[in-house]
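Below are two complexes that have chain A in common, paired first with chain B and then with chain C.
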Partner chain A sequence: MSLYILEGLKPWVIQRVSAVYISLFLLYSLVCGMTVDVVSFDHWRNWLFHPFNSIAFGLFVVAVLFHAWIGMRDVILDYVHNIMLRMSVLALIVGVLVGCGLWVIRILLFSMVGQ
Partner chain B sequence: MRFNIYRYNPDVDKKPYIQNYELKDIEPGMMLLAALLKLKEQDETLSFRRSCGEGVCGSDSMNINGVNGLACITPLNELEEPVEIRPLPGLPVVRDLIVDMDQFYQQYREVKPYLIVKDPVPEVELRQTPEQREKLDGLYECILCGCCSTACPSFWWNPDKFLGPAALLQASRFIEDSRDQALEERLENLEGPFKLFRCHTIMNCVQVCPKGLNPTKAIGNIKKKMVTNSL
Partner chain C sequence: MRRDKRPVYLNLFKIRLPIAGVVSLAHRASGILMFLAMPFIVYLLDLSVQSHEGFEQVLFILQHPFLVAVQVLFVWALAHHLFAGIRFLLIDADIAIEKIPANRSAWLVMFLAGSVVVIVVLGTLL
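Now for the complex of A and B:
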């Protein structure tokens, strides 16, 4: 961990592994969605709260957040050279991504309670 | 044949400008460097570097019609008119087509471009098998002309932090060398967000290398080596 939250080889590997996982999960979701007779909210909720799908979806969200962080961080490192501005923009992006993660957790919790 | 050439003498000019030239006595098979030498006979103030004239020394690298290359191995009959000639992009201009390559050489030095052997030096030469030697093909031929690094957008964006394709190709050349004993240190030196990992596989370096080398592949091999080494 550092000023840039992961640097060097680790983010490079995470970016590639997360890309593969995101692709596989989207493909799996697409296949699941195409093989059901009726598409409804209740059906989606039942599908999501199947233990396997819950874990897979949780990992998907984590993968998307890390992938987005590393991609955005790369763009900022390339283009924003003023150190104070760079740190501010990076902090803003971390805030937005953490917010998105918390939002997903909130949605899932409400859906669970609803079930 | 018409030429538009970037001119700038910081002692005299307030800002750079483009000067138009015309050369009449073009000979068949003539290279751009020969044309520049003829233009220099017309205008002695025109400045550029050159030495071997055979694509070996890498002195006469410049931006030719928007693409970096060596003037001495660029045939005139392959160039569209007017031929626009500028200094290598991204480096400070000393005068006309001459750029300050201090930073480029500093980055080259940073990868320690020499064999590091920790064992006592043997009395005979350090031997390699033909297979081990083959791994250096495509890596050792670099002439340090700077065409690749100065064509790389990542180098333009972070010239003081990203090492650039030329230095990284040299890093790969010693990482792959079976006689070198500093693999860990070399890989450790390239860690961090800037030195190596600013390469986004844009591949401008591959497009412009006058020796036909592939720095992008070499950089990819360093990353793979880092992964296997960390497992």
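Now for the complex of A and C:
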């Protein structure tokens, strides 16, 4: 019975591939941040909404969401044994992650044209 | 859950966890912490790109003493999660799997994560 959305080797691979992408994006962001003298609103917006950066950031968010899902799922499967409580907590986690994902899509789409 | 009536002695304070266990536990704890911070970070992201006022507001919010403490904790969580994650990837690749190198790499993770916190805190103060 496929209760856990992802089973077998797949989550193991996704966890590692997403981890590598997250690390590379954070490194790239760190380098970008270190080469700036003053952090200003305009600079921050221009950076985030630059075509390359917004796509790289979008992928970063997707990677984080998958990574967080697999990580949190593993923790819950280890410590929460009551099946009803387990399913409830897993559903809550999915809700938080999907909510965050939709929110970021909204930010990237609407804030970009808003200003 | 348990089928027999044998007593179980599980005093968490009497268990001497090896350093690799501490790294693993902290890897989980830091992951959970960052998950919990996620909605708040997205909120700040939203606020920061909306307007000049929103951007200034984010900088102001982050100056709150409680949130400064949370940020220090978050920097540690991110650094520890990253370094411990790299360590696990190396272990997957059969690097440093013997007892002594595994212990050393675990201590190195703790040291590097602590160093990042010190560097970031000093870098912000100076």
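Basically, the second predicted complex is superposed on the first by the 111 of 115 C-alpha atoms of A that agree within 3 Å, B and C clash if a C-alpha of one lies under 4 Å from a C-alpha of the other, contacts with A are read in each partner's own complex, and residues count from 1 in each chain.
Quick note on the criterion: contacts are C-beta pairs under 8 Å (C-beta built on N, C-alpha and C of every residue); 3 or more make two chains touch, one makes a residue touch a chain.
Keep in mind it's a predicted model, so treat the numbers as computed, not measured.
Measured by the number of chain A residues touched, the leading partner among chain B and chain C is C. Of the two partner chains, neither chain B nor chain C is touched by A:His43. By the touch criterion defined above, A:Ser111 reaches chain C but does not reach chain B.
Of the two partner chains, chain B is the only one touched by A:Val13; chain C is not. Touch criterion met: A:Leu77 reaches chain B, while chain C stays clear of it. In the superposition on chain A, the residues of chain A contacted by chain B and by chain C overlap at 81.
Residues 154, 157-158, 191-194, 196-198, 200, 223, 226-227, 230 of chain B are the ones that touch chain A when the two sit in their complex. On the side of chain A, the complex with chain C involves touching residues 16, 19-20, 23, 26, 41, 44-45, 48-49, 64, 68, 71-72, 75, 81, 93, 96-97, 99-100, 103-104, 106-107, 111, 114-115. Of all the residues in chain C, the ones that touch chain A in their complex are 1, 28, 31-32, 34-35, 38-39, 42, 45-46, 48-52, 55-56, 78, 82, 85-86, 89, 92. Those residues of chain A that touch chain B in the complex are listed here as 4, 7-9, 11-13, 73-74, 77-79, 81.
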